[in-house]
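One chain, chain A, appears in both complexes that follow, with chain B as partner in the first and chain C in the second.
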Partner chain A sequence: MALTLKGVTKRVGNAVHIHPTDLTFETGSFNILLGSTLAGKTTLMQLMAGLERPLEGEVWFDGKNVTGMPVQKRNVSMVYQQFINYPNMTVFENIASPLRVARAPEVTIRERVCTMAELLRLTPMLDRLPGALSGGQQQRTAIARALVKDADLVLLDEPLANLDFKLREELRDELPRLFADRNCIVVYATTEPTEALLFGGNTATLFEGSVTQFGPTRQIYRKPNSLLSAEVFSDPPINVMACEKKGDHFEDADGARWTAKGTAAGLSDGPYTLAIRPHFVTPAATGADPVPVSGRVLVTELSGSESIIHFARGGQTWVSQSHGIHAFEVGSEAHLHADFSQALYFAPDGSFAAAGATQS
Partner chain B sequence: MNANKAAGRVVPTLYIIFLLLPIYWLVNMSFKTTNEILGSFTLYPQEFTLDNYITIFTDPTWYMGYVNSIAYVTLNTAISVAVALPAAYAFSRYRFIGDKHLFFWLLTNRMAPPAVFALPFFQLYSAVGLFDTHIAVALAHTLFNIPLAVWILEGFMSGVPRELDETAYVDGHGFWSFFLKIFVPTIAAGIGVAAFFCFMFSWVELLLAKTLTAVDAKPIAATMTKTASSSGYELGLLAAAGTLTIIPGAFVIYFVRNYIAKGFALGRV
Partner chain C sequence: MNKLQNNKAWLFVLPVFALVAFNAIIPLMTVVNYSVQETFGNNEFFWAGVMWFEEILNSERFHASLGRQAIFTASILAIEMPLGVAIALTMPRKGPWVSVCLVLMALPLLIPWNVVGAMWNIFALPDIGFLGYTLNSLGIDFNFTRQPEDAWFTLILMDVWHWTSLVVLLAYAGLSSIPDAYYQAAKIDGAGSWAIFRYIQLPKLRRVLTIAFLLRFMDSFMIYTEPFVLTGGGPGNSTTLLSIDLVKIALGQFDLGPAAAMSLIYFLIILLLSWVFYTVMTRNEEQ
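Now for the complex of A and B:
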């Protein structure tokens, strides 16, 4: 079994929501749609579920063309960012809802709802109305409803985004466990690269209605196929600078030079864009190839365990993320080091060109 | 500080007395004989009497007025809400050409005074044999109540996230199953508020109700004006009838008072 999108598109009026998209998700896989708000995550999910009909292209499931098949006839379930429950029904009835519609026998309903409630720690709340529950319990009810029927396709649309930090961590740990022994396709939309990395599985990076890359999550993180994918898959934002390869070294507009190492050494001369993740830009010189970078400090965020420093460098805002507390005066000149062995090089058209020494 | 506190109590107290005075006077009169009302100024009934109420509850020309009013008001409320529900759903969930204009145009129906429609309705209903029936008044009032109900319900429906609809579809509900089993209970408060305003308008509207009825469906307000002219001033009886007219409204408002606040919050009441 697999879910395949073949060149699906979606437009509303003149606004393109989804550019032609091809994707295949295998059964038993955990797939992440990663992209910022309005990147098209929800629309893509609606197309997968059959809540929306693609303008062009086809949706195939289990070897059958299901384009245009109404969502009621597909075996899917969905959880939204907002806590969506039926406010007039008890938690029990909320969870039982898909089974009731499917006319399952009362005994089965009772048994499965109780199992789900046990799994999601909702047993004491079964007789309450959703409005009387905390946000985390409401969302767990929604998740229980999504899991109570053995859906072939489970769509989770930023289910943890509206929860407070502690609950989010808790549910984030629970989720993979819930799907571990299920034979379904899970699609999980998120705006947070960290969340994608924690879940693993496969990731599709989305940018303005296009899938820029799809593959195993860690592989995409390590080796984005384009600057766009790298930007989508980076939080804080990845640092970029224009540079030019001249023989065995690179040079930027300010005249700074560094030796080309790793696969970057094999690049032909010409202009490139260097991208480096914030945690490789640190106050201390670390890594295999530290190169000094400096700029005027714009903002500092000190969380106690780590320091995030935003600084202006060559017309761009750069971000440094490092362990411990590194206090920098806002407006002063910060002298930091970037480990260019971890740098990624992209060609002028945005496509991946080479990686620094350690990356390759 | 204390002066402030005292003023904080005195002002609302005076205001409430001011508001309740006419109602008190009406109730006060209803327990008096007409002679006492006309003869002397008394703050409470000197010769307490229930005769006025007994007359109303035993004389069919009186109590049928209430029955008629309640009949067409109930009919009207049921029709208005039943028609407004799907209309409001369409306005809240779908975008179609001219939807906003249509929505506004619906409301402009309420801007015309009912008197404008009295003559056409009278002529039309006489021609098709609907004159002096409950349904005639009920239908005439829908002209004003459906736009109002659509407006109120649309506000409540738009407050329900579209994802609720989708979740129901994903669960396997068809449209009608979702609409009746899930959506309608979810916006029950809005339906209550809409029904209340339909009830209220239809209950107090006199001109159309009077014009479109003669005997069989004559509303209570019409009965009251006729009695006053035929047998002199039976003020006690009129006051009792007036008191009884207030009761259904007070009764209904008691049940929807919490929801109306919600309607105000949505800016739709």
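Now for the complex of A and C:
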């Protein structure tokens, strides 16, 4: 059983919401749609669910073409960013509602609702109205409603975005457990790369209505196929710099030089874009191939155990992320080190070209 | 804990207190003053106690106008609330027609009340009015200046025309504030349009409908200008609502004592009923 999008597109008026997209999700898989706001995550989910009809292309499920089949006839459930529950039904009735629509027998309803409530720690609230619950409990109710029927496809559209930090972490830990023994396809939309890494599974990176890459989450993080995928899958934003390969070394416009190592050594001469994740740019020289980088400090964010320093370098804003407290005066010149063995090189068209020593 | 005593704070409340005193409390006390005294002119007043209140509460005339008032208010609420919600449900949620519909809906609300009365008076005249003439040429004997039922029909129709828009606009605002995700979620659950209305739209509209109901209740219970211009309370006394009766007593007969007592009773009825309605309608929310 699998859900397959074949060349699906969506346009509203002249605005393209989804460019031709091919994706296949297998049963039992946890799939993440990662992209910023307006990247097309929600639209893509609506196309999968059958809430929207694709302009072109087909949606296949379990070997059947389900394009245009209304959502009521598919076995789908969805959780939204807003906490969507029936306002004048109790938590019990809310969780029971999909079963009632399916005309399940009363005994089954009671049993399944209670199991779900137990799993999501809602048992003491079963008689309350959603309005009387906290945000976290309301969202748990919505999740219970989505899980109570054995949906083939469960869509979670930024379900944790409206929760405060602590609740978000709590539910984030619980979610994978809830789906562990389920025979369904889970699709989870998020704007946060960290969330994708925590959940694992597969990730599709989305940018302006196109899937730039799809595959196992960690693999995409390590080996983005394009600069776009790398940029989508990086928080804080990945650092980029234009450089040129000349023989056995690279050079940038400011005159910095470094030796080409790893697969990068085999690249032909010409212009490239180097990208390096913020945590490989640190005050101390670390890693296999530290290269000095410097720039004027713009902003520093110091939390208890981590320093994030934004600095201007060659017309670009760079970010350094390091453990410990490293205070830098705003406006001063910061001298840091980037471990270029972790660098990624992209060709002028944005496609992946080579990696530094450690990456390859 | 030591609280800081600072009586200067009262100074900040003083202006608003003075304003309210000037436009509400002082006039109200004047009415209270009249309601417990008897006067024969020359600015001479005699203590009358609760005499006027007893007289009004026992008067058949008052009972009759209160009854008419209750029937009028109940009728227009029974028509305007569901009709307003129904119209709001059919209005487009997006696109260029939204503003057209909103402006059309707002139009009746922008017309001065006495103009509404005059318009409907002419509109319903049996010989030259479009409505009256049409009804009569269809073979229906319609004359709102002679037949009480026709007068009531015209009166209620006029109020529905004038004020349903208010319910529509409030309900529409309420409907627009429901996120799309609710409709999608209902669709995924397989809910039909009745279930969507019953379990999503109606509960979400509860608050605005409570406000619409209270506004329409209070306004219609105090209605004066439109029926005064339309029927003047007639034929006979058949459309003499409370406020029209009150003005007749106060300014027609110049019975200031009974009129003042009636004003206060009138005021207390509205206050009490509003409180009852509000309490009943918001009762379940607290649970």
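Going forward, the second predicted complex is superposed on the first by the 360 of 360 C-alpha atoms of A that agree within 3 Å, B and C clash if a C-alpha of one lies under 4 Å from a C-alpha of the other, contacts with A are read in each partner's own complex, and residues count from 1 in each chain.
One rule holds for everything that comes next: a contact is a pair of C-beta atoms (placed from the backbone, for glycine too) under 8 Å apart; a residue touches a chain by one contact, two chains touch by 3 or more.
Every value quoted in this text rests on a predicted model; they were computed, and no experiment measured them.
With chain A as the common reference for superposition, the partners chain B and chain C occupy clashing space. Contacts of A:M78 after superposition: both chain B and chain C are touched. Touch criterion met: A:A132 reaches chain C, while chain B stays clear of it. In the superposed pair of complexes, A:A355 makes contact with neither chain B nor chain C.
Of the two partner chains placed by superposition, chain B and chain C are both touched by A:N88. Residue overlap on chain A between the chain B contacts of one complex and the chain C contacts of the other covers 46, 49, 51, 71-72, 76-78, 80, 82, 84, 86-88, 97-98, 101-102.
Touching chain A in their complex are the following residues of chain B: 161, 163-164, 166-174, 177, 182, 185-186, 188. Note for the complex: chain A touches chain B at residues 46, 49, 51, 70-72, 76-78, 80, 82, 84, 86-88, 97-98, 101-102, 142, 145. Across the complex, chain C meets chain A through its residues 179, 181-182, 184-185, 187-191, 199-200, 203-204, 285, 287.
For chain A in complex with chain C, the touching residues are 46, 49, 51, 71-72, 76-78, 80-82, 84, 86-89, 97-98, 101-102, 129, 131-132.
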